[in-house]
């Protein structure tokens, strides 16, 4: 099972933003979109998540055309973390996280609620913030709260093998290094549990360390796609970012530096 | 169950329409009267029947004695329970009593409501006194008092107004200056009727009702006299300030110091006082002219 | 949209302290109802009603005059406060109030039309009691339809657009009312003025019962989507990603607010501040989730309005103060205090 986008074209005001893009996110796989600003990464994620409609092309969730799924069915399948809006009322952290909980109409699932929340608050390292007012948190802390909510939306009993997917647009922005790494580790753990993950990252090192597949976009085109190692070996990065980059490839590690 | 509910509902709708609101018929019980209109209070005092009054409204300001009565407030915004709490047997008012729903509610409890139609003329005043006389069962007394106290004044007023008619004296009536421009009485207003009673001309007869007028219209209208209610004058300041108001100072009225402030009800109430006031003013107009 | 109904009855969206608060406010409401039933310019003992020793006129005053009035006050208070809280949630703006979408202005325009032109159309006594509320409801219905048409064509524009439409409607209605004010006669003008200041006087059962039905139904219609209003606070796109049908939510909120506010304004004129201030007061007391806030606003708005009406009936008895003056007099300093308090946090 996977999420597939096929031949996606997107134009806005006569400007072509995405040209004939196809991308698949398989269960258990971390796919990262890379590329310079304006390459179309967020636009592609928005189309795959169902936020916006493409001008042409199709998106499939588990082989079903996304247009034939209700908003609720989509919410059961994937969760998204993207640009967040300011929150006008004084909700506390727990209340925000709780908003990710979907009513699946079965009582057993409902009973898991307290357990699920506790676990996720711990995993995201925000347990100590549980009753703080969301608006009093720092940018990075707020991000972690939104991440926790996104995880709660995906939460299942450990025995379940329903296909689930997670889409994250620059989740590590505003986070300090240790929290960036913690988040990536959590994401890796989820993918090991079978969640298919679409990521947009700016940090090349994080991307190359954690991704199973990398898709590089430039000017609306996909200029490269493949395993991190293969991309590094193809020497395309310099052209993409138009910067001289120094890439070190050793056994299990890829390190990219700006020269 | 629904059927009986529907029945009750429909009956209540019918009952919402008042049984009857009378004009000048004799009331079944005029012993406890709530008055909604200053001229009515005046007239009851004029007929020496003021002991029947149990409550007045906010426009009843004459004679000073009336302060002792509880006030039902502004005649357009009455309170059903408030009025009923004083146990009136009769309510006399003019057609501006309201809101309509409240009037209906009061009427349905059995309290009689008589609504007088007002005519803005001296004949109208006499008819009003006669009407109230009939309502409270003092028809003969009313006619007697009219004949001896009102009629002579009316005749005098009529004579004066005949003389004044030929003199082309223009009068402007200002209600107040609250909104910046003066609010002036045009045709069909009580002010218009008052001015006509005196035989002089309303300087603003090109529109109906009370309207704000601008400086150019005022200069064009060129009033010889300006009448204004005391309240209107006081809320603006004083006569001196009115004389110097930019829109007014170019009028003959201002230049000749002919801005007159009087109690609003004694001019526009259309009770006995109005005839007295009209007489007083007509005399003044005539004397001024003859100087 | 069946999202989360089970949770409401699980009280997952009402914490223990919130449930306790709501019960307290409910008790206050019952108290104010009893208090308002017992007092008025007409003095008689409530006990006399119970043991039947009262007179016919006391009966009439109580059942035909006082009771419908108090009930209307409670209904209108609830309806305005609920609308205010829902619109604040929908527009994600703490300054939203029922007037914002233009419905009260539309109702006021309808009422003004009948006040100024009605006396020449219908005989004064027949039908006039129904005519004004009817025209006011027509006015608000026209506004609802306008909002519906203008935002459906631009369905996905977001709530800012709807806000702008509401502001435009308010402006147009003001112009209309202004013109009517200008051409009105003196007596019509005074009636208009009093109508806009608000009053619960004169309401009778035949007028009250449709209002009860409309307002209660609006409220029931709102309960299933209160949780979705919370989720909407994350933003429209995010709410959609969480499975909330934002379009449907918008329509439901606008239509229920508009109908219940329209019915309220039709019967009682314009009464300000309750819709704006009560939700904030409720939030201050117990939290911001909409299940709590909307229910709390209904109860508290109801109590406050009943109390304001009691004051309007008693302060200058046997005369009456327009209730809108009282809500403004209490509401404005309270509003200022709220602003300072919010700024301090």
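Note that the chains are named A, B and C in the order they appear, and that numbering of residues resets to 1 at the start of each chain.
Rule of thumb we're sticking to: a residue touches a chain if its C-beta (ideal position, glycine included) is under 8 Å from a C-beta of that chain, and two chains touch if they have at least 3 such contacts.
Only a predicted model underlies this, so the values are computations on that prediction, with no experimental measurement involved.
A.B. asks: Whose Cα centre is nearest the centre of all Cα atoms in view?
C.D. replies: C
A.B. asks: So which chain is farthest from chain C, going by the mean of the CA atoms in each chain?
C.D. replies: It is A.
A.B. asks: Using mean CA coordinates as chain centres, what's the gap between chain A and chain C in Å?
C.D. replies: Centre-to-centre distance between chain A and chain C: 44 Å.
A.B. asks: Rounded to a whole Å, what is the gap between the Cα centroids of chain A and chain B?
C.D. replies: 78
A.B. asks: For chain B and chain C, let me know how many angstrom lie between their CA-based centres, rounded off.
C.D. replies: 37
A.B. asks: Across the complex, what residues on chain B touch chain C?
C.D. replies: Against chain C, chain B makes touches at 9, 12-13, 16-18, 21, 55, 58, 70-74, 76-86, 95-96, 98-102, 104-105, 108-110, 189, 208-211.
A.B. asks: Along chain C, where are the residues that touch chain B in the complex?
C.D. replies: Those in contact with chain B are residues 40-43, 57, 60-61, 64-66, 124-126, 128-129, 182, 184-187, 189-191, 194-195, 199, 201-207, 209, 313, 316-320, 322.
A.B. asks: With touch defined as at the start, can you tell me which chain C residues reach chain A in the complex?
C.D. replies: Spelled out, the residues of chain C in touch with chain A are 2-7, 10, 12, 89, 92-94, 230-231, 233-235, 237-238, 240-245, 283, 288-289, 345.
A.B. asks: Using the touch rule from the top, collect the residues of chain A that touch chain C in their complex.
C.D. replies: 49-51, 71-72, 74-76, 79-80, 82, 84-85, 87-91, 95-96, 99-100, 102-103, 105, 110, 113, 153
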